[in-house]
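Multiple structures follow.
The following pair of complexes shares a single chain, subunit A, combined with subunit B in the former and subunit C in the latter.
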Partner chain A sequence: MIQKKICMIGASGVGKTSLIAKFVHSMFSDKYLTTVGVKIDKKTVSVDGSEVMLMIWDLEGDDDYQRLQTSYLRGTSGYLLVADGTRQITLDQAIEIQGRVVAAIGPLPFLLALNKADLAPQWEIDEARTDSLSARGWRSFKTSAKEGAGVEEAFIELGRMMTQSK
Partner chain B sequence: MPDLDRDSPAGAVLEALGFAVFVRDKSGALRLSGTPPDWLRSIWPDVASAASLPIDHASPFLENFLVDAGGCWSAGGEKRARSGPWVEQAADGIELSLEATALTAGGQAILLLERLGEIFEAKKSMLQKARETVIAYQRLNSEMQKKEILLNCISEEMNAALANVITSLRLIEMEKNPAQIAQLLSLASRATEEQQTLINKVLNVFAAELEGLRGRNGMAIAEAKLGDALLAAEENVASQFADKGVRLSITGNGLAGIRVAMDSTHLTRVLSTLLENGLQSAPAGDEVRLNFAEESGSILIRVTDNGPSFPKDICANLFSRATTATPGPQALQLPFQFCRIAVENCEGEIGYESRKDGGNSFWIMLPTLAATK
Partner chain C sequence: MHRSARDPITEFEELRRLLLSRERAQLRELTDRVSDKERRSQDVAGVLPEAIKMSRERGEELTHALQPAVEGSIKDSIDQRPQVFVDALHPIIGPIVRRSIAESLRRLLQSLNQTLEHTFSWRGLKWRFEALRTGKTFAEVVMLRSLVYRVEQLFLIHRETSLALLHVAADSAVSKDSDMVAGMLSAIQDFARDSFEAGEDSALEEFRVGELQVWIAPGRAAYLAAVIRGNPSRELRSTLEDAIESIHILKGSALTFFQGDTAVFETLRPELESCLQAQYNTEKRGRPTRAWLMLLAIAAVAIFGLILAAQSKSKWKNFLGRLKSQPGIVVTDAQHRWFSSSQVSGLRDASSADPATLSREANLDPSRIRFHWKEFLALDPASVRRRFEQRFSVPTETRIALNDGVLALSGSVPYAWLEQVQREATLIPGVTSIVERDAKIIYDPDLARKRFETRFTLPDSVNAVAVDGALTLSGEASHRWLTRVRAEGAKVPGITSIDDRAVIDLDQRAFEQSRSIIESAFVYFLTNKDDIATEGFAALSRLPDEIRRCENAAKQLGMALTLEIHGYADAVGSEAKNADLRQRRANKVRDFLVSCGFPAAQFKPVGIEQPFKPAASDKAAAEQSDRRVAFTVVTQSSTTSP
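For the complex of A and B:
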């Protein structure tokens, strides 16, 4: 079976750990437990008829307290860049981190997950913003780790992009 | 290097500290030195029988770290590489936090595996608090920005509406034709209505804030020192009192050490509101009195002035929950609504009495928190 490593990248509290919990264990908790260090989960998905084992690396959020350690990115086939749609600033942070990732490991397939889509009234990221990102070739998904919307789609689409780009 | 004996002092110390020591042999395999600690066996049960670390298939994280470790070992000398913390799941489902260190000792390549303990847990809970604070701050900040923008837009619109009223009035002054006057009047009256709607919008912005305050029930218990809050409130109003030549006399004792279950900024705002209100009705050169009295398990604070009593209809609605469409009295009520919600949130009471011999008296009763040493 093909194995692919993917990394979860983004600011703290955007829902990286929650997206994995939903995707791998179908679980969600409202309580925020910050991630310190790395945790790896596995899940087999079917991408266009072939089985792919995803090794999902949950990385500690990149912030003033802990910078993203690029040695963890070694061997990754792609990454899910996560931002919190209810905090506009986390999208700016995601864009900045993505720049550092490219500098460290070069261009690789990635998807932008605009998470917490279930919190529509607090949504801060407007269409114009996502339009300008897609003009730069960024593909984004609205996801909700709470309700599950877009979660599986995002991981599988990333799996597809990685198997196609060998 | 000889094997570390678990019974030797050095081996026992390493084990007690939660370390497992591996030495790289000529074939490149990492051989366990000494007996494996229990936690190691709970993650990789065959580590004891194989006596080497089944890294390649067992831990993708370690496999990745060995690249950095390799660089460190070939450099030799003092150089070290640390993996940073990571989580492995034991056979029984329990998650263990580990960290690996690569170093060279006695000419041999060593890999230390450490089970992270109390210090790591303490660091984690500190990071938890720090990150929660950052997120709360970001939310507050963007909330404030949104309000600022909204208030700015509303002010602009109000200004435009006011300009329409003023222009209409000027034209009416010069106009003789009754039909024209009627038209201008209706224009002006529409502009005033517009203004009223806008003012209500502003009030609604703050109404939402009051709602938020109400929602604090059940959250972590806030706590304030009454003495400190009173000092802060006094400071807030001092210059206004001086301007009007009104004295503030504070009576009562035993204030030191009294604590109540309210956010200290809220308590300061409540006290400032009562004092400002007293000042407003007090005659110039007169005084406002604040008296507090501790009763069993609660404190009664009373603010009294000698000004004219509030009209009856206003008294009836002073702390009313109902928000009416008429902007006038609502604006007056807003600070009192805040007081009521803040006071009731910590299970206190607020009230007003007009005094027989003239003047007003506002009181709040707050349950006190038991003294802690």
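For the complex of A and C:
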């Protein structure tokens, strides 16, 4: 089975950890995030008929993204950039972080997950914003950790992007 | 000089030729090269190695593209010419197999040795008690007390991606999801490096968590992480370093161009497993002596068992041989069983030897053999003979031989036994007749006497004594009985002669007595007359009874009786007168006796010329005168039997 390392990146409080909690095989507690700064989970997805095992590095969300521990990004085949759809600022942070990631490890397949899709009334990110990102080649998914919507699809899509780009 | 007008097209061609001749030649050559297949192949062959090299450097694309074709051609080649692959693989398969077996055996012996040590030693018992006391499992206590160190898990981790390429664990080690553990190990290394701002090349070499240590053996593209329980020796580090080095030699390019496919590293498993070392705290290091001793003991027990089994088998064969050779036993099926009763089935004559006894003689326990016999009558000489011997207890001096149903007796044979045999032997199946020609028959004197007594109804008045076949009789018996004994007595088996001289013949005696009375009776007459004198009557009156008695006795003796009546006269007077007187006197007595009922023919009255000569003792008779009649009893054999 092909194995791929991916990272979950995003500002704190965007729901990275809860996004995957329901979908992955986990053996480490969330405490690792605040101690070591990373927690590793595992998920197997089926991409175009072949199984791919994703080793998911859930990186500690840090508002002070200057301190992003780039060493954890090394060797990753792709990443999931997570923002909170109800807080405009987290998207800006995500964009900033993505820039830093590219600077650190170069261009790699990634997806933007706009989380908390279940909280439609508080949604702050307008279509125009996402359209402009699409125009830059960003692909985004609306996800909901609470309802589980879009998460599986996001992982499968990322898996597909990584296996095609190799 | 005049230049003739020329065709503009020709001129253009001319110009083109002048200007482009070199390019045209080159173009032609290029066209030739492209269209000529052979030349094109030569060109490709020239650049192919370089192209493959470059492609490999760029990534795994070429590998994936070639994979189906290479797999297909290998498969075809194996199908069609397997010998090529056998020859190619032969040099490496042998060592791999040997190494794998040696490694398995080493670990088995080591583990066996420990188990034995812990099971049978005093220390082992102590640990068991401790386990009981503390509630821990025995294995935990053993681990705690005896382990120096043990490599429990090994991770081969790709440095770049932090992915676990291969994970091996000792049998009893608790191993969680190796992929995630490998990831976290990498993360912790990164964390340590970042936190303390160590250089990129520095690495976390080891860390300790309680009883566990994690040792990292770094390599260029991958590193080994060993999870070790206890305190490992320094040699372990060089073992790990050697391992990661050889892994890089074996899989260098796969590590460099790793794209997430871990299957290619599976072949490194033996390499890694050989690093799962352990060291235990034992008095004697090195050779697993206890294991060898135990194996030796097991081998000894096995050999002992085999010897016992062989012995048992041979006993069984011996027993079956004996059984089969027995007359009157036919074995149809025999099964020797080790753990349950053995079985023997067949036919058995009731007279044959007891199979249980035979089994005891063969040193087999009869209670462990189950016999299933069907009865039958065996007619082989030995069985018939045995049946005969069981029915008639053969005397020791007697010899018997059996041939075609004829039982021949020889040696000394007691008569009584012979009699029984003659009577009953032919009732035995297989015996048709008895021959005792060569036998010396022995008679028991007592039995012979008894036989005689029974046969002749021995009278109470007779006593019989038998000695060596000679029977001596004494006492009194009737003449008739004596006659029978004399005639037939020697026919009694066991009696060769009879001595009856001591037996008084009662009839003879009665006869003799009567005759004596008759012959001593005298009837006296008056002088010169044929008249009976007075004293003569007394004698005469007793005569008829006596004659009858004598007659009867004679009859018993088989004789008829005639009585001569002798008439006497004295010398006085003339002889002629006296002769007449003698005859008349005799006739007178006869007439008297006839008148008493006797037939006249029984009497012969004669005159006796000579004077009467009395017996010397008979004085009374002598005193009487010759005027008398006397009697003489004459007997002749009776024509009729008594």
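Methods note: the second predicted complex is superposed on the first by the 152 of 166 C-alpha atoms of A that agree within 3 Å, B and C clash if a C-alpha of one lies under 4 Å from a C-alpha of the other, contacts with A are read in each partner's own complex, and residues count from 1 in each chain.
As a convention for this text, a contact is a pair of C-beta atoms (placed from the backbone, for glycine too) under 8 Å apart; a residue touches a chain by one contact, two chains touch by 3 or more.
Owing to the predicted nature of the structure, the values given are computational and were not obtained by experimental measurement.
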Q) For A:M55, is the partner it touches subunit B (first), subunit C (second), both, or none of the two (neither)? A) both
Q) Is A:R87 contacted by the first partner subunit B, the second partner subunit C, both or neither? A) first
Q) So, does A:Y32 touch the first partner subunit B, the second partner subunit C, both, or neither? A) both
Q | First, second, both or neither for A:E124, with subunit B first and subunit C second | A | first
Q.
Going by the contact rule set out at the top, does A:M1 touch subunit B (first), subunit C (second), both, or neither?
A. second
Q.
Which partner chains sit in contact with A:K22 here, subunit B, subunit C, both or neither? Use first/second/both/neither.
A. neither
Q: For A:G13, decide between first (touching subunit B), second (touching subunit C), both and neither.
A: first
Q. If you stack the two complexes on chain A, which partner ends up touching A:G75: first (subunit B), second (subunit C), both, or neither?
A. both
Q | First (subunit B), second (subunit C), both or neither touched by A:K142 | A | neither
Q. Residues on subunit A in contact with subunit B in one complex and with subunit C in the other?
A. 5, 32, 36-38, 40, 55, 69, 71-72, 74-75
**Q.** Of all residues in subunit C, those that touch subunit A in their complex
**A.** 59-60, 158-164, 176-177, 179-180, 183-184, 187-188, 190-191, 193-194, 259-263
**Q.** In the complex with subunit C, residue positions of subunit A that touch it
**A.** 1-5, 25, 27-28, 32, 36-38, 40-42, 52-53, 55, 57, 69, 71-72, 74-77, 166
Q: Name, in rising order, each residue of subunit A that touches subunit B in their complex.
A: 5, 12-13, 32-34, 36-40, 55, 61, 63-66, 69, 71-72, 74-75, 87-89, 124
Q) subunit A touches which residues of subunit B in the complex? A) 60-61, 64-65, 67-68, 84-87, 95, 97, 99, 120, 123-124, 127-128, 130-132, 134-135, 138-139, 142
